[in-house]
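Before anything else, here's the structure in question.
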Amino acid sequence: MKVTVELSGGLELLFDKKKTHTLEFADKDEIPLRDLILYMRDNLLKERAELFVVDNTVRPGILVLINDADWELYDGIEYIVKNGDTIIFISTLHGG
Amino acid sequence: MKVTVELSGGLELLFDKKKTHTLEFADKDEIPLRDLILYMRDNLLKERAELFVVDNTVRPGILVLINDADWELYDGIEYIVKNGDTIIFISTLHGG
Amino acid sequence: MQDSSNIASYTQNHSLDNKEIERYGRQLITPDIGVQGQMLLKAAKVLIVGAGGLGCPVALYLAAAGVGMLGIVDYDTVEIGNLHRQIGHRESSTGVPKCESLAAQIKELNSLVETKTFNTVFTSDTAIDIIKQFDIVVDASDNVATRYLVSDACVLTKKPLVSGSALKWEGQVTVYNYNNGPCYRCLFPVPPPAETVTRCSDGGVLGPIVGVIGSLQALETIKIINNNPQNGVLSGRLMIYDGLAAVFRTVRIRSKQASCQVCGDNPTITQLIDYTQFCRSNYSESAGK
Amino acid sequence: MQDSSNIASYTQNHSLDNKEIERYGRQLITPDIGVQGQMLLKAAKVLIVGAGGLGCPVALYLAAAGVGMLGIVDYDTVEIGNLHRQIGHRESSTGVPKCESLAAQIKELNSLVETKTFNTVFTSDTAIDIIKQFDIVVDASDNVATRYLVSDACVLTKKPLVSGSALKWEGQVTVYNYNNGPCYRCLFPVPPPAETVTRCSDGGVLGPIVGVIGSLQALETIKIINNNPQNGVLSGRLMIYDGLAAVFRTVRIRSKQASCQVCGDNPTITQLIDYTQFCRSNYSESAGK
């Protein structure tokens, strides 16, 4: 399965400054969003994991979107990610 | 088959002020874009057809998009519209 | 004017005077504005929290459009380092309170608009009294603590909140507390860890980014004032602009949360709290000076 | 300033003076700008065709950002009826040529910027001589004939063209003639029938709409000047904003057309033509007065 992960609002700085990542899991055809987040923390993040994950979920101030809709409109972190899904992590901005 | 037609840049004024139209052709599973345009002229446009169609194609100043891409990137008016396609007609703006 | 006959057909039975017709003619012939819309704008009172990068275009466009009363809150003074993005101030206003500087520009642009300036820090002590004087609030602030404060205060006083934010090449816009939509706290029940918050003074920000976001906020404000059923007000949706990629994305966000501490079914926050403590940060970017 | 140490790390080995560092500090710490970008902005010469609804935010944001030389062409004078959307003018400038009025505001906002004003109709006779003095052209005009004229002139002089347009609640932005991308004529080889063209004076237009589109044009101009490989310049793409629905759409458009009469393989237009005749309309909205 293939998942597209996008990062915005500065989160991309934690992920090699890349805004879009394509993840392939050859041996799976679905993956719990919770596991995807921990996979990202353990494999894509090099340092300062606490700026992305706190208490096994995304830290406060990050919105998670499943195919352009807030994960609260689905099952949140319990959502089962499917082949072709796009998961977006947005750090909310405060400046002006 | 079902086609979504969207109108913007003021063209919607010719089409009952509706920006989005869903067209169903129960007896077809594809339709040449040329025929779709003439169908729109004959069935959705009430008057002033020359503001939409001239010489059997859209008048100059209208961009046609097939699923968010310029029809020149496909076959233009020769494109065969399929079930689920979105066709957008944009009148270019000149004001400022 | 070539279009006087056209305008005339829109302006029968109204209480706008000739000066107003002359000034707003090309606006009130816009579909879904009309004379009724122009009169609603004239009657409206909008509070702008922050007279910086976002507040400048918000204030200038709302003043130009003829919003009758504009409130501006900002405790800061104009510095040369603001002028790369804050187009509502001038070099000659260096050292002048930002709310006064912006109000002076508004007066030069549209003397029909009344302004109320609040040269003060927007805090739990001052927020409610200020907000109560207005119908709609625009969040053009620059820090987390103020964003929670403004949102809670809007919930407690039942005012819609047009929220914009920007940093570097990016911006975000949405409308909170409108037509039973979510509030800021519905989306962000817990404040972000202080170390994850990048300030404009550290990360930089480009003028056109706040120009885009502030202009979007001004338009949403006008749509809320006009209150036409076909207005697609940006409530329950968040618009995200990535200026470097030149891409906008509009995403659906959660509705009002029953569990929300301030706007939910059993609110535990029924008056303003200490937001600097709650967010472990100050009410202003420059408070760390 | 709290962020002086941060700024200092970005500003070694440069030729910006202290005044410039103070003014542009929070801009040049933005990623992908830096001192190099600020120096490119300072060296850049941008021509803005039209000092109206779009031209005002374009000019103010480019001036604020520190573009070294801004040219402004407009033959019109400021009227009260412009001020609902043209935030770069003031009531006191009524009757003053728009290019002079806007240049005066620029000077008050950023006196380091040089302006060149052209108080003239932009025509086939004047266009090339004016454009040749600049690196990039911004189309902020308000009529079809000028849009073809500006585009052809940019092709003939090899200048990128940042094009914006607006009407009522909608706006469109794209970049023409950039990096082998299409020109206006590639997209629109034949002008629209005159009766299909709605003018702002007939259809109206809202200030925040031109605010959004003009700010987007200013940012694309800055990206072209900065010329970073990661800049997603809006060439080959058209951005469409529907303000009433609060929706943006970015669509892919055709590339440069081999058959284009002016930028194609065998151009038949090798010098400017009479665009009022070609479009059967005037160079200005108000020429029909």
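Observations, loosely collected:
Which chain is which? They are A, B, C and D, in the order written, and residues in each are numbered from 1.
The rule is short, and it goes like this: a contact is a pair of C-beta atoms (placed from the backbone, for glycine too) under 8 Å apart; a residue touches a chain by one contact, two chains touch by 3 or more.
All of these numbers come straight from a predicted model, not from anything done at the bench.
Work out the mean CA point of chain B and of chain D, and you get 30 Å between them.
Work out the mean CA point of chain C and of chain D, and you get 26 Å between them. With centres set at the average Cα position, the gap from chain A to chain D is 38 Å. Counting partner chains per residue, chain D has residues 168, 200, 203, 205, 245 touching two or more of them.
Annotation for chain B: no residues touch 2 or more other chains.
The touch graph of these protein chains is an open line.
The list of touching chain pairs reads A-C, B-D, C-D.
Interface residues of chain A facing chain C in the complex, by the touch rule stated above, are 8-10, 19, 50-51, 54, 59-63, 65, 68-70, 72-73, 88, 90-96.
Of all residues in chain D, those touching chain B in their complex are 50, 52-55, 140-144, 147, 164-168, 170-172, 187-193, 195-200, 203, 205, 210, 238, 240, 242, 245, 249, 251-254, 257, 285. For chain C in complex with chain D, the touching residues are 1-3, 6, 19, 22-33, 57, 60-61, 64-66, 80-81, 83-87, 89-92, 108-111, 168-169, 200-209, 211-212, 214-216, 218-220, 222-223, 230-234, 237, 239, 243-248, 250, 286, 288-289.
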